[in-house]
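Each chain gets a letter, A, B, C and D, in the order it is written, and its residues are counted from 1.
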Amino acid sequence: MIWRDYGKNYRKKIKDIEPLKDAVLIEGLPGIGHVGRIAAEHLIHEFNGEKILEIYCDDFPPQVLVNNDGTVDFMNNEVYIIKEPVSMVVVLGNTQALSPAGQYQLSQKIVEIGIKYGAKITYTLGGFGIGQIKEEMPKVYVASTSKELADKISELGAEFRQDGGSIIGAAGLMLTFSKLNGIEGVCLMGETPGYLVDPKSARRVLEILSKFIGFEISMKELEDRAKEMEKFLEKIKKFEEEAMQQQQRAPTNEEDLRYIG
Amino acid sequence: MIWRDYGKNYRKKIKDIEPLKDAVLIEGLPGIGHVGRIAAEHLIHEFNGEKILEIYCDDFPPQVLVNNDGTVDFMNNEVYIIKEPVSMVVVLGNTQALSPAGQYQLSQKIVEIGIKYGAKITYTLGGFGIGQIKEEMPKVYVASTSKELADKISELGAEFRQDGGSIIGAAGLMLTFSKLNGIEGVCLMGETPGYLVDPKSARRVLEILSKFIGFEISMKELEDRAKEMEKFLEKIKKFEEEAMQQQQRAPTNEEDLRYIG
Amino acid sequence: MIWRDYGKNYRKKIKDIEPLKDAVLIEGLPGIGHVGRIAAEHLIHEFNGEKILEIYCDDFPPQVLVNNDGTVDFMNNEVYIIKEPVSMVVVLGNTQALSPAGQYQLSQKIVEIGIKYGAKITYTLGGFGIGQIKEEMPKVYVASTSKELADKISELGAEFRQDGGSIIGAAGLMLTFSKLNGIEGVCLMGETPGYLVDPKSARRVLEILSKFIGFEISMKELEDRAKEMEKFLEKIKKFEEEAMQQQQRAPTNEEDLRYIG
Amino acid sequence: MIWRDYGKNYRKKIKDIEPLKDAVLIEGLPGIGHVGRIAAEHLIHEFNGEKILEIYCDDFPPQVLVNNDGTVDFMNNEVYIIKEPVSMVVVLGNTQALSPAGQYQLSQKIVEIGIKYGAKITYTLGGFGIGQIKEEMPKVYVASTSKELADKISELGAEFRQDGGSIIGAAGLMLTFSKLNGIEGVCLMGETPGYLVDPKSARRVLEILSKFIGFEISMKELEDRAKEMEKFLEKIKKFEEEAMQQQQRAPTNEEDLRYIG
């Protein structure tokens, strides 16, 4: 069944499930270095995540992606659940909303879905772009709706950002809507050059996350998986750049359709 | 009777009809080379299509087109039905929605209308811009929500795109909403330079389409019709360019009205 | 009483009146040369128009205008009625909606208001920019939803445009919504350089309009009135240019407020 | 409890209170020179303002601000009440809405909230940018929905603007919605260079305001407080510039997330 709410979102239920007990909500949508996405996909693969929901939104890029085998991929976000070693609701996707209003509405919706399926805390995973490749191990930064949580996570090696910056998009707004819905939120950001798919940074983020939540996870296949993903992610990046250019040209329908109609 | 839904669309019913049996939904809205539009108009002319509905949308260009005889044309999309040789619901128009949200909402609405009138599958027709004129016969590419359908159509001569690109606008999103509404969708894209009205490409698309669906169609008048259309389509292109420029200048009301107010 | 509908418009009723009998709806919102506005204001002054409604819209420029005497003017559209010599519902204002959706929604709303107060036909008045000053009398162009009306008005000296262009904004969309609501619409456009307030063009438009509807109107004070208006209209133009620039800089709140906050 | 209305705003009630008696509504949202904000914060500190409500909006920048201690600040507006020496409803915040529609909807909402808590008049406080540093005392300008109020305040030393300009954003639109809701509104604007945080201008605005309303307020700590604020406000300015640039680049999700994802 599909339905639409707020005049903006559509959901397609893939599987009916009972709410989990004391779950954590984890966000790994596309972003800089695709750090969050790599980390979240690794969780799903290692712990046999099961897709329960697809989310469509009027504010996603108005397109479908064409695969080499003649099929298409829709622009959407997907919700997976993981039952062991820890209950998790994991959100992945090939896009984020394009406009501020879309970002707000979708972040709110995702947090509500997480809570509905049992989440008691939110972790958003992302990259922190430093514009260059570093020799050393990438740092992980933490920012939270709770000073107590931030302090605890910093004891595990995460640092506090001192750049006076912001967290833009779902990784930031899901913290806002977690708090507004009565649960705390934590954002973990791995240092990354920003122009490369970065499994090393994703690994560091997962190390802090797993230590803090308290589960073990093998990193053996993360790099291989990231390499497989790389081609796909480069493809997405290409779409996003095209979309960006089309938006910059202030798309009219003719423009939107110049390449394919 | 006019009504509005989703706060965005208006419909004007032209004729009441009973749903068709096992119809196909065909989209030929404006796009590159106007391939889809030429093909869809040819279907309507050859098979005596009957207009049943006009669709208006807040997200179309805020204007009317002025004809040389003192009349005006409204910006809209039109729904035709064809009963023989095969039941078809055909969507034409002189514009697509301007914004992502408008594209999503209108594509969804059109698919719902198609299904309401009996469509069991969706075909979106368009061009694939290659930026230059080719001597050989233009290729036709296929992309589908169903691997099985894509494979079958490729047996008739359509190819799979290997460019890792996307299908933007109604031709893409109607695939998304077909799938979300429980039917499959196919996009046929004819190679076209992109800066010319291209009846040759439209003909190739129609050849594949008619072979696959299983009907015969005379192509005798397609080129003549395309020539007649050319003037009209150039005119539309001109409007679209103007509209694009006006959008790029970040229209204020004064700007929007600089030419005519 | 203020109320809001479609999530976009607000109305403030100034006076309760009974619907008029066989009225005409006349639009003179800001546009090129302010031709429509000058003409509509002249009607209201000559025939003692009475304000019955103010229309506010979320899609107007987010500002108030500051007068030299310490008061402010709100951005709005105003509806006046005229009872003699002919029943008229006249729409004026200091702005039009900024976005396509706002243009559609407001044009629809204004036509509905006109019909509610008794309008059986719509006349939109505007300028047709020619980019230069002409020695001869400015031409008046007509475009209509009805070929019959266009022909009749052309017999009075109005011409048909041969430029293959469009009518952008309320002057165009009110034709669309007149037709969709079951009445005909006519747009009269007076030639105008485009960068000057143009009472000569407005006068020509009024001449055709009054001849066609069948009323007499003194033009004696039109030029004086236009001169008085000129300062005010220049002021509005200045605001619109500022607003346009602010939009072009992709306004954030800081930007929106750089001048005054 | 959080709730959303108009599809745009969210409120979080911090404290339940009875409506005040004969209160004044005071707006000090971010703007040029942060004049209004400094003035409003000073009121809250001097008179022990109590926060009763937080307002969130889909049209705020889609981000959270990161503090040096690992916590985050949400983008929001806050409503405070002051009971002595005069009943006040004071609105502060770290942002204004990004789009025209957001500005309208939020200004309307804030005025409604003010009236609900007892406000009988609205004062919006802001800066008037003059682009340079002046030796003399900064002037204060007044503009009002009421000629009578403007005249009275001018007797206290405020002047009328003669620049034929506008008041953009909440400081302007709250005047519109005050009038539409049956109360008067006054905007006080302190001259300010525009590129500096300007406590001197804020002080002058407060002097006029307090004289007119009739309360005494110590200015002793205003400058110190402004200095403390300066760092924070510079930080906000930085975010806003980033956000502006991101908007100018016509943000796609990839773009929105280039720095942090």
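In the analysis below, contacts are C-beta pairs under 8 Å (C-beta built on N, C-alpha and C of every residue); 3 or more make two chains touch, one makes a residue touch a chain.
Model, not experiment: these values are computed from the prediction.
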Remark   = Contacts shared by chain C with chain D include exactly none
Ask   = Can we say the copies chain B and chain C touch using the same residue numbers, with more than half in common, or are the two sides different?
value = different
Ask   = What is the distance, in whole Å, between the centres of chain B and chain D, each centre taken as the mean of its C-alpha atoms?
value = 49
Ask   = Measuring from the mean C-alpha position of chain A to the mean C-alpha position of chain D, what distance in angstrom results?
value = 34
Message = Two or more other chains touching the same residue: where does that happen in chain A?
response = 7, 61, 98, 250
Key: chain D contact footprint on chain A (complex, rising order)   = 6-7, 29-36, 61, 95-98, 100-101, 103-105, 107, 126-129, 142-147, 150-151, 153-154, 160-169, 171-173, 175-176, 179-181, 187, 189, 194, 237, 240-241, 243-244, 247-248, 250
Task = Spell out the part of chain B that touches chain C in their complex, as residue ranges.
result = 2, 7-8, 10, 12, 56-72, 74-75, 98, 235, 238-239, 242, 246, 249-261
